[in-house]
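Please find one structure pasted underneath; my questions will follow.
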Amino acid sequence: MKVMVPGSFDPPTNGHLDIIKRAASLFDYVYVVVAQNSLKKPLFTTQERVELLKECLGEFSNVYVDSTSDLVASYAREHNIGVIVRGVRNSSDYDYESELASANKLLNYNLDFVFLPSSEEYRIVRSSLVRELIQHNVNVSQFVPITISEAIRNKQQ
Amino acid sequence: MKVMVPGSFDPPTNGHLDIIKRAASLFDYVYVVVAQNSLKKPLFTTQERVELLKECLGEFSNVYVDSTSDLVASYAREHNIGVIVRGVRNSSDYDYESELASANKLLNYNLDFVFLPSSEEYRIVRSSLVRELIQHNVNVSQFVPITISEAIRNKQQ
Amino acid sequence: MKVMVPGSFDPPTNGHLDIIKRAASLFDYVYVVVAQNSLKKPLFTTQERVELLKECLGEFSNVYVDSTSDLVASYAREHNIGVIVRGVRNSSDYDYESELASANKLLNYNLDFVFLPSSEEYRIVRSSLVRELIQHNVNVSQFVPITISEAIRNKQQ
Amino acid sequence: MKVMVPGSFDPPTNGHLDIIKRAASLFDYVYVVVAQNSLKKPLFTTQERVELLKECLGEFSNVYVDSTSDLVASYAREHNIGVIVRGVRNSSDYDYESELASANKLLNYNLDFVFLPSSEEYRIVRSSLVRELIQHNVNVSQFVPITISEAIRNKQQ
Amino acid sequence: MKVMVPGSFDPPTNGHLDIIKRAASLFDYVYVVVAQNSLKKPLFTTQERVELLKECLGEFSNVYVDSTSDLVASYAREHNIGVIVRGVRNSSDYDYESELASANKLLNYNLDFVFLPSSEEYRIVRSSLVRELIQHNVNVSQFVPITISEAIRNKQQ
Amino acid sequence: MKVMVPGSFDPPTNGHLDIIKRAASLFDYVYVVVAQNSLKKPLFTTQERVELLKECLGEFSNVYVDSTSDLVASYAREHNIGVIVRGVRNSSDYDYESELASANKLLNYNLDFVFLPSSEEYRIVRSSLVRELIQHNVNVSQFVPITISEAIRNKQQ
């Protein structure tokens, strides 16, 4: 079974990596796909995020990192991917994700959605928190892998 | 990957079957396990529920139906099952399921949990609704497979 | 437009009456229907609840009080009622009520559902709270109409 | 009873139209009011949205389309409207809508609020989704009436 | 400031003790009060629960353990307690607790309510889970203090 | 016990003041801290908000008003504050606040969090509502203290 873990990953966090690694142990092949979002001003460019994810996930032979400016449902159709995997942190998250899932199913009837509940230790880690901490010059090494915290430090210099 | 879909299944509904069939297409092998609950007075006995599920799921060669009086986490450990699959219908459901998942992980660190959001057409189908309708002699054939509605009719005679 | 406000009303509270009165100003004709529930041991019998509601609502010429042992969807069909009105207090309530509404629509496609958000001052008034207070001999006159608090006092003697 | 269905309607969706049509069958007279919002950059101008709604709702003799730069509570007072009708899709929506309703009641004590739970088939349709799909050149004809999808196509040329 | 931590405590869990200890560091004096509930069949009698809590909390000189068959609001009034402290685990919990708080304020206008969000490590620990595990002969020592797990073992023999 | 009530307070509302006053009666010393947020265009400058809060809270000898561009967790550490007090209005609010609390605890292990449920009469009062009403020239004197409504009037001239 080929699955897709789409996201902004700006930056990738330990929470993202936990979801990706669990997906990689559950399914045969995992596409991690950075969704370009023209509206937001990102911390890292799409290409940088792809490189960072590749570095963090190098040891997983069944994980492939890519990016797209397409809709998730379109990317899945083109790559013959039948399942989207998403992490869910709390009930507000769930409402949002289940609505998105239903909308995507209308666009691509062959898609199924799998939600992985966040591991307790990563439940509160999200990219927007990491970006806010960076803005206040707070050390974020407990929220992101070392590759990422070094990339952030380089960016700040 | 071997997964488990535990539940009361009293009676099995179209919603349950949707979750089980999606699990059967996502994973190699699916244990559907009727959890005995000594506290509730059931509509069908545990053994009847196992038989009904077997009839409904006969065409799926990778689905195995069983029952247990053990905890889900214990059954999984004994049968070397690494993943529990649960359907989730709304945000209240999510709160309940994610708490249960965290508790089970404390009992069996090797367990992972996968939530499948209910398909729109089965979002409101639950066994307690079916039982209430039966109590009012309402035809429930749109909520359960034909095998089940016949079993219910036999029971009522 | 003929609408129905179904409920247990055991006992009717100021919150119920607020919903019924708002329904009576919104719609032409309001059926207030006590749903018999064989499973619970009530404070007042179905007939007593009907009488109490009639006393409390006597001044409203477009309100009719009745009881039923049928499903709400069946009662509505038989009485040619097209709309069910329900009060909603918070988001948990909403999840429950919207699921019930969808289930009833499956049983009676012609039914529509209208939710009235509880008025701020009645948001926390519910029959189970009133029953618990009565059990502790607490004065409940701020939660129920005077007719009801007198009926409760008579019952307690 | 005169009611008001306020909204941004940018663009009007099948979900909006379902709510408006249900309101039109429940109440004598329905004002559909496009609320101008100076902060957002809209897909359609206020005047275009009014025209599109008029085209979609022409067959309903008791529906009147208008726009306002006033608060909803002020518009209602000026037009002697006693009830605001809003569609609600899920529990997060409910929290938001009930807070808005309470705030509006503080501004206009004579207002009542009626929530219509989204029909299952329109539960996930929202304008922001439609706008995002348009941005990706995805066909949105299953989410909006044909009048709207044509207007969108003209806009894109 | 004198505060009260009411509860069923059947049995007291590590989650309860975390809330009580945090209350004891925040406030001058903490009443821990076992609320008798005539409806439920408890694991431990009220008196046993009081004794177990006393053993677990002996080191805290500003914690006093008691029991009551009164309403929480009444106990607080009689003992001149101005604040109720409650642990909250998730958003469903919050809805329930805030409704209870509002109801109690109607009964005792001088009461204030303080909610402590569960510590991450105790978020899923609740007495009903512990009782269910006990029923399945599962070791619960990671969820309750050692005094309690020994009392449970004695009970089971 | 020294506590902190952080917030944007743009403008301070009756809801904020209710939380601050309750905190001032619960704890020995209350820091009310205006958090500067470089991203938003405020109605009042940080310094103006500090002055307005000082005027509104002058009678409370145990309340100290300050501002910071630091993270809440950092400000607390520097000022030896062990507890953050936050008002919570509904379950969506709770999800947001509890996540923020957990994140702050990761940054400062000595912090505890106390949530005060909004008083019923202030449950729907929030600064964004007040700002929107001001934009529509609506009188906001029922939502903010007189000091604030006068400051708003001066600003508008």
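Labels for the chains are A, B, C, D, E and F, by order of writing; each one numbers its residues from 1.
In this section, a contact is a pair of C-beta atoms (placed from the backbone, for glycine too) under 8 Å apart; a residue touches a chain by one contact, two chains touch by 3 or more.
None of the values given here were measured: they were computed from a predicted structure.
To overlay chain E on chain F by their CA atoms, one rotates by 180 degrees, a value rounded to a multiple of 5. The interface with the greater count of contacting C-beta pairs, when A-F is set against B-D, is A-F.
Distance between Cα centroids is largest for the pairing of chain C with A. On a Cα centroid basis, the chain most remote from chain E in this structure is D.
Between chain C and chain D the centroid-to-centroid distance comes to 30 Å (mean Cα coordinates, whole Å). Distance from the chain A centre to the chain E centre is 40 Å, each centre being the mean of its Cα atoms. For chain A, residues touching at least two other chains, in rising order: 90-92, 95, 102, 120, 123. Touching pairs of chains, sorted by label, consist of A-B, A-D, A-E, A-F, B-C, B-D, B-E, C-D, C-E, C-F, D-F, E-F. Considering their complex, residues 1, 22, 25-27, 83, 88, 90-92, 94-95, 97-98, 101-102, 105, 112-117, 120 of chain B touch chain A. Of all residues in chain E, those touching chain B in their complex are 89-92, 123-125, 129, 133, 136, 138, 142-143.
Of all the residues in chain B, the ones that touch chain D in their complex are 90-92, 120-121, 123-124. Contacts from chain B toward chain E in the complex involve residues 70-71, 74, 91-92, 95-96, 99, 102-103, 106-107.
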